[in-house]
Amino acid sequence: MEIGLNHYLVLSTILFAIGLVGVMRRKNLLLLFFATEILLNAVNIAFAAISHYYGDMTGQMFAFFIIAVAASEVAVGLGLLIVWYKRHGSIDLDVLTTMKG
Amino acid sequence: MFEAVAFYLFAFLTITMFIITVTTSQALYALTALAAGMIFISAFFFILGADFLGAIQIIVYTGAVMALYAFGMMFFDTTRSVKEKQGNKFIITGLSTLAAVLVVLIVGAPMVSNNIVALYPTIDGMGNVQNVGLILFTKYLVPFELAAVMLLVAMVAGIVLAGKKMDRSITLTNDAELEIEKNKKVLS
Amino acid sequence: MLAPVNIPFESLNLMTLAPMLIPIIGALLILVIDVVKGGLDKSLYVVLALLFLVMDFFSLLGNAGLFSHDGTIMGMFDVMLIDGLALLGQFIIVGASMLFIPLSLTHKRFHEFSYPEFFALFLFMIAGFQFMVATDNIILVFVGLETSSLALYTLIAMHNRDKSFEAAIKYFTMGALAAGFFAFGAMILYALTGSVEINKIALVLASNGYSDIGYVLVGVAFMLAAFAFKLSLIPFHTWAPDVYEGASAAMAGYMSIVPKIAAFVVAMRFFEFLIHSHIVWLEVVLYAFVVITMTASNMWALVQTDVKRMLAYSSISHAGFVMAAILIGTTQANSALFLYWILFSFTNLGSFSMLWISRQKNLIDGQSSDHSYDKFAGMIKTSPVAALIMGLFMLSLAGVPPFALFWGKLYMISSAVSSGYTILALIMALNSAIAGYYYLKLIVYMFMKEPVVGVDGEIYVANATLALRTIIGIAAVATIFAFVAINPLLEFITAFVSKSGY
Amino acid sequence: MLDHILSILIFFPALAAVFGFMIQKESMRTYGVAVALIEFVLSLVLWYAFDNNVSGMQFVENIPLIPAFGINYSLGIDGISLFIIILSAFFTFLGIVSLTDTPKVKYMIITLLFLQMTMAGVFAALDAIVFYTFWELSLVPMLYIIGAWGGPLRIYASIKFFLYTFAGSLVMLVGMLFMAYFYHQAAGVWSFSILDWYRLVLPENFQLWLFVAFFIGFAIKVPMFPFHTWLPYAHGQAPTIGSVILAAILLKMGTYAFVRFSLPLFPDAAAYFMIPIAILAVIMIIYTSMVAYAQKDIKQVVAYSSIAHMGVIILGTFALNVEGVSGSIFLMLGHGVVAGGLFMLVGVIYDRRHTKLMSEFGGLAHVMPRYATIFGIMMMASVGLPLTINFVGEFLSLLGFYQQSHILTLLAGTGIIVGAIYMLAAYKKAFFGEVTNEANKNLPDINKKELFGIIPLVIVAIWLGVYPKPVLGPINNSVTSIIKLMHAKATTELAKERIPDLTKPRVFLMKKTINKEVN
Amino acid sequence: MEKYLYIALFAPLVSSLFSLLFTATPKKLFTGIVASLLIITSLISSSILLTHILETGEPIHVTMMTWMQTGGLYIPFGFLVDQVSVTMMMVVTLVSSVVHVYAIGYMDHDKGFNRFFAWLSAFVFSMMILVMSDNYAGLFIGWEGVGLCSWGLIGFWFHKESATWAANEAFIMNRIADLGMLIGLFLIYWNTGTLQYDGAFAAFHQLPTATLTWIGIFLFIGAMGKSAQFPLHTWLADAMEGPTPVSALIHAATMVTAGVYLVIRSHELYSLIPHVGLFIASLGTFVALFAASMALVNRDMKRVIAYSTLSQLGYMFAAAGLGAYWVALFHLMAHAGFKALLFLGAGNVMHAMKDELDPFKMGGLKKVMKWTWIMMVIGSLALAGVIPFAGFFSKDTILEAAYSGNHMVIYGVLLFTAGLTAFYSFRLVALIFHGEERYKLFGVHPHEAYRFMLVAMSPLLLVAIVVGILQTPFFDMVEEVLNGHEYHIEHTLALIMLVGTQLFVGLAILYAYVKYANSKIKVPDGTSKIENSFAYKLLINQYYIPYAYEEYIVKPYRELSEFFWQKIDVKVVDATVDGIASIIYNTGEKTRDMQSGNLSTMLRWMVVGLIILLSLAVIFGFTVKYSGV
């Protein structure tokens, strides 16, 4: 049984879906951020796979930049969380509902 | 054959890890599972011959990101189990639809990929790292530099947000207090 | 073993990079200055930022000269792309930024401006946006987008109120999700075509005759979702009202203009070739986006009690309106987009600035938000000039001629008409009428009701300094006398757009 | 100066209004009167310089505004617009003169001067976008006048007024853009010039759609049934001056636009829609007259009467012959003078009693004989008595339409009956009988200032009723050229048949035997 | 001669404007005097014009200025004095002169003295325009003008509810008819291209009969309103609310005859369409009988005279309809004289009786009001058509015309009506002037009118007495215009008819005297047998027509108006507009919950959006794939 590109894509999609589930059901902001990491990692697998099967470096490049982006996001995201936590003592997102309508 | 076994093994592991990540009520479990998942993903990179990427994955994610998250967790005191109110069953239906649609789509419609011409082909005889280096510093020089800026931005942002006394508002402090504080800073 | 790579220096076309480098250098300089000598007044940084923006603008002018002479320029291994869209987008980005930055010279002291980092991040953000529009490489778009977004989240949060943190967190989280969408969409397209450059993607897809149309659409759907988030199209708009409310008024005004034009330019690059291939799905979906975004956000704007939130919804509506240009896809429509957005910049920035100068440090007694309608009641009695100017901006937003935005609407609807989108044109027109109501509501409050707060009118200009007044004055003059500038502007834009092949 | 007199007419009041901000409150009225007087004199100069023998546009100005998109600042007047411009200046003048003690009088005068700018602009514009600009802009001062000085429901009324008209005119704007696009298709260049558009012959089905688009904009402004409901509110809540200008000038924009746009641009569609529109007009006449009869508030009676008169104007306009169209234009002037006068008169009593309910009055003729007399004259003019200004217009309008449809004219003609009913009933309730209400016992009669505002209107109402020729002559010339143009442009059989050919000698034979029609 | 034309025309206008200046001031005697003098000037000018016409036979035709000119329409202010109009001018100016002078006395104590003269002179002016115009539009000006003045004068005492009501009724009913006339005008214009009499008349000959018929009908509808023909007759009786001189001038002598004048003026039209003429004649005959019947029982002195006017108008239409235009005109002239006389006489009585109108409450006034009695009797004799008074000549000729035209039904009815006329006229005279002095019960002290009022009435008396002898010269004068011919019935037959008619009339008079001049007459209290009979009730209630109008037209109209306003305008039309607005607003209000402010919801919305897009993409992709495109 040959492992083809489609296998990777399916895997990637499944992981992405798991990430989406996490994004939707997580109420703790920190855990929510975990889910966003899953999303990006799912995409990374696919990029690497495509790159491999096409023999093209661009995919790896994209994956590389995605990792960079993910890392940056963590820094900013955590920064925001820390400030929020300092003020409110909670990172439950149900608290963030002062604005609506 | 080895490839297939490895693929399925790691696929199973990553999926399991990530499912744990998104479902567990213990933040620590989630963190650990995420870290494990990241590492398993790097395995795919190695399988696919993207060694550089694999290395980066382990260094950046498990080394940096996970460490950051771990610090964060300690700070937020989320080591105990997280209580999450779930609104309704909407999420379940939503997600199952999504999953169904996506899987059907990917499996049901295999991609026509025979006529793809690699624009930046892997050069045989060069290691992956060399290949990466070559293309990263020619074609993708600008994005690379911009990524550097992005990281700088992230750093500055992190410092400003987490480090620079954002917990009190200069807006609301009156001028006199501010003056005193300034002098204190100079003196100290 | 590794053959040296020879790259002729001329082929790099370094000047394509100049406009982005200037703000980056500026930002670094500001950071360095802060390190060397802290505690300097914000005015220094404002002026520095402004200076670099001016330089940026001039370098853009230089590029524009080159472009109008030679046509599209590629640079830096064909990653950078200087064409009409890039230039117009950057003109708007830099121009609006130049209008924005003096707004930090407020009379009252606000938290964010006491940090030099604010200005550094601001310049980084501009550079990020400039990268976004000046390339057709999706990777660079992605990185540019993230650079600017991360900076923007921070800028919002730095306003340092509960609401601004909440806004930043919401924006950030949704942005992360959108980034995921973007990456996934790009991945599928890459899988289909083996390329991450939009023109190459277009070529490959065209050459195989869109045989994988279902797959293409999945990719497009993800990309569309990502753009829709950035452009605040319904149902991806939910961040917008909260973020606008949480951010300072000036920042909200800025956000309604600059990030969106950057996203519009990218969307134009990305969707135009698909639209021209007559993909029915995309037409239907964009049509739905345009109509739903315009109409629904108008309806929500109707029921708001806070002016800033109303303006937020109105911005969403305007974005939906302009999205029609992407749908129509003719040169006229694309020109209309830029024309509209330039005029919108002045008007919207002006109206948000009016909120900004009336901003108090604390909530006024008896008011539930910073800029509730009640606050503006009877303004004509206490502060007539401010009321007149605010009324002027509202009329312009509503599309009453001869004020600025009318001409944008005119040209946009005309482009719909010229391409046979009759129903769309009518919907656009009627939506302007619905929108008329909530703009009018503010006018009614200002001109026809009795004052509720502040009998002396001081609160309406509490924050005003010469700089702010100047900006508002510029916006007001531009709004009133727009009709003088429409013709050169239109000719300029049309030339640029058509020369870029859109 | 004559070359730019139209621009001066338009922008002089606006400029004066801007300067007005600097004027001290107490001196403002004098300033306003002076400016309005100058404006009025200027408009008379315009008339003096107007060449009655020319049927086309005069005093044409043309400055490119957005040449890339075919938009020019282009002005000009013909016999049709000349008098409405004069009327608008006249009313602004009278309005400011007769302005009673208003709070914030300074803002009121500034607003009025701005309004005058927009009114002059609408009627002088020869470019669709310029027209549209002034058309929309005119809403703003009126919005303010109603909203700031109006009655208890003023905000509702003003918003309704603004939004309704605004929505309608946006549809019209789409129509204009289509028109420009078609012109672009045909001629290869963009143009919004009305005179350019006149030369464009469109296929019938395009005409029909465009006609409808323009119609919605105009019909709401007129206002035609069933788009009329903003008007009673606007009039009911507006201060006197607002009602006067609204009725006298602003409503005329709609009917004027029909003549300026709908007829010459879409002759086939005009002929096609003639009967349906006439039916609407007949409904306007009869229905609103009946509604007027049911009103308790005397101002509402006048407001609804306006709608009924606008019905006659529409009918005349869609007669598509010289008699009818001239008549309708004349009736625009007539109704302007008369309705404006009536609103002023209602304002007189409102100032004294702060109510407009007829049940509060009764027997006013005893205590205010001069007022009753003048009111009676204006009322009779409104009813369309011969030798008053309205009769000329109504007669010609109905006469014109009679050529097209006997039965509809007959129905529309009942307007002279039902019109008399509500007017006389209202007059009877307010003025006749014994003075029953104590509050009315000592009302002062109409005073000098009020007389100064109203007497000129009475004079005009009678003068133009007796001797309409100086006004009717130029109107006739311009209308003749429009009808000729329409006939030349008509492509369908129906239109050729309904729009008379003025180049041929007139033959007087009925097209159908009347028996068939009436039976 | 033009000079006199203008004087005749504009003197009343000057008079009116002069009086108008003083309307808001207390009574000034000189306004009355000046007004009267000006009207007399007009009378003199008219007389000069008359002599001119008599001498030369040349009509005077002037065009003063253009009124309306647009498209093919040209309407000047043109005036034509020919045999017909000069007759009318004489009638109008004479009667109005008399009434003006009379009114100085009659309105002596009225607050609105000045206003009265303004209105009255304005009326004369309108009437002059009506008769002198050389085109239909000009006629219409006068037509509406007299309507206006009639409104103002009926409602002269505007504090009285009944007066203002009657004024409005008159105006509105006239308007109904005016619409008919207007349509007639339109028809004339679009068929002949002009509204000038001469042009139109010339063109009529080429028009198809159907068109002419419609023109004739619509013009006649106009005439019906002004001349109060059935079914538009109710206003005339109610119009008696106005001051009595007004009734004399407007509602007896001049305005109400305008309809007849219109038919006579358009004789060239009506002679082309005899079937319409016959209809007019029939209607006229019917009205003659119908009105006379109502006059039989009425208890309001002025209303009786009003009904008699109505009846006589019926006669005129009968004549005109039968083509005997000159006879109609002649009767018009004669009628103007004696009817005005009767009204003014009635005015004297009213003055004497403190505005009492019920003749049953009078009686025996002969003693105190001798002159009035004489005038009333002569007027009534003339009305009844007793030889040799005016009515005899004119009415008898009408009968002759009917007879010679072989319209025996018309003849019969008219003859019968003549008897009724005689009866009710003398019933009135008997009740007022003879019998018991019932007024004493009511404590009134009657007195004769001012001397000058009586003198003023004398010209009318003269007309009533002597106008008969002018029949032949009159015929000679107008035949040129009206193409009439004298009616010659075989001599013996004529004699028999004459004697028969006179006998019939005489008997009727006698019967009236017998029945009402005795001392048994009491003020009716609604108990007598006759008062409870069906016929009496029918007649006293005017055949229930006003009631029917009120019940089935006025009331429904009011209710429908109310319905249109409250239900249609507010609840349907306006509610739709507001409904659309509120639907939009409420949609916004209800859906704003989408923005719950909860981040989780927001994220879910994004995913939902994505799923929708993806689903659409999949559906579309499969469609394309399997549809083989």
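For reference, chains read A, B, C, D and E in written order, and residue numbers begin at 1 within each chain.
Assume contacts are C-beta pairs under 8 Å (C-beta built on N, C-alpha and C of every residue); 3 or more make two chains touch, one makes a residue touch a chain.
None of these values were measured; they are calculated from a predicted model.
**Student:** Shared touching chains for chain D and chain E?
**Tutor:** Of all the chains present, those in contact with both chain D and chain E are C.
**Student:** Could you name all chains that are in contact with chain A and with chain C at the same time?
**Tutor:** The common neighbours are B, E.
**Student:** So, comparing each chain's Cα centre against the centre of all protein Cα atoms, which one is closest?
**Tutor:** When every chain is reduced to its C-alpha mean, the one closest to the whole-protein mean is D.
**Student:** Busiest chain-chain interface by contact pairs, anyone?
**Tutor:** So the pair of chains linked by the most contacts is A-B.
**Student:** Hey, which chain ends up farthest from chain E, C-alpha centres compared?
**Tutor:** B
**Student:** Based only on mean CA positions, could you tell me how far chain B sits from chain D in angstrom?
**Tutor:** 69
**Student:** Counting only Cα atoms for the centres, state how far chain B is from chain E in Å.
**Tutor:** So the centre of chain B lies 100 Å away from the centre of chain E.
**Student:** Could you tell me the distance, in whole angstrom, between the mean C-alpha positions of chain C and chain E?
**Tutor:** 77
**Student:** Please work out the Cα centroid separation of chain A and chain D, and write it as a whole number of Å.
**Tutor:** 65
**Student:** Can you list the chain A residues in contact with two or more other chains?
**Tutor:** 5, 9, 16, 19-20, 23-27, 33, 54, 56, 58, 61, 65, 68-69, 72-73, 76, 79-81, 83, 87, 93-94, 96, 98-101
**Student:** When you check chain B against every other chain, which residues touch at least two of them?
**Tutor:** In chain B, the residues touching two or more other chains are 91, 94, 98, 102, 105, 109, 111, 113, 116, 118-119, 139-140, 143, 147, 150, 153-154, 157, 159-161, 166.
**Student:** Where in chain C do residues touch two or more other chains at once?
**Tutor:** 139, 143, 146, 150, 153-154, 157, 169-170, 173, 177, 191, 194-195, 214-215, 218, 241-242, 303, 437
**Student:** Check the chains against each other and report every pair that touches.
**Tutor:** All touching pairs, sorted by chain label, are A-B, A-C, A-E, B-C, B-E, C-D, C-E, D-E.
**Student:** In the complex, go through chain C and note every residue touching chain D.
**Tutor:** For chain C paired with chain D, touching residues are 380, 395, 398-402, 406-407, 410-411, 413-414, 417-418, 422, 425-426, 429-430, 432-433, 436-437, 440-441, 443-444, 447-449, 483, 486-487, 490-491, 494.
**Student:** In their shared complex, at which residues does chain B touch chain E?
**Tutor:** The contact residues of chain B facing chain E are 87, 90-91, 94, 97-98, 101-102, 104-105, 109.
**Student:** For chain E, which residues count as touching chain B in their complex?
**Tutor:** Residues 600, 604, 607-608, 610-611, 614-615, 618, 621, 625.
**Student:** Report the residues of chain C in contact with chain A in the complex, numbered from low to high.
**Tutor:** Chain C reaches chain A through residues 138-139, 142-143, 146, 150, 153-154, 157, 162-163, 165-170, 172-173, 176-177, 179-180, 183-184, 186-187, 190-191, 194-196, 241-242, 245-246, 303-304, 309.
**Student:** Over in the complex, which chain A residues touch chain C? Could you list them?
**Tutor:** It is residues 5, 9, 12, 16, 19, 23, 29, 32-33, 36, 39-40, 42-43, 46-47, 50, 54, 56, 58-59, 61-62, 65-66, 68-69, 72-73, 76-77, 79-81, 83-84, 87-88, 93, 96, 98-101 of chain A that touch chain C.
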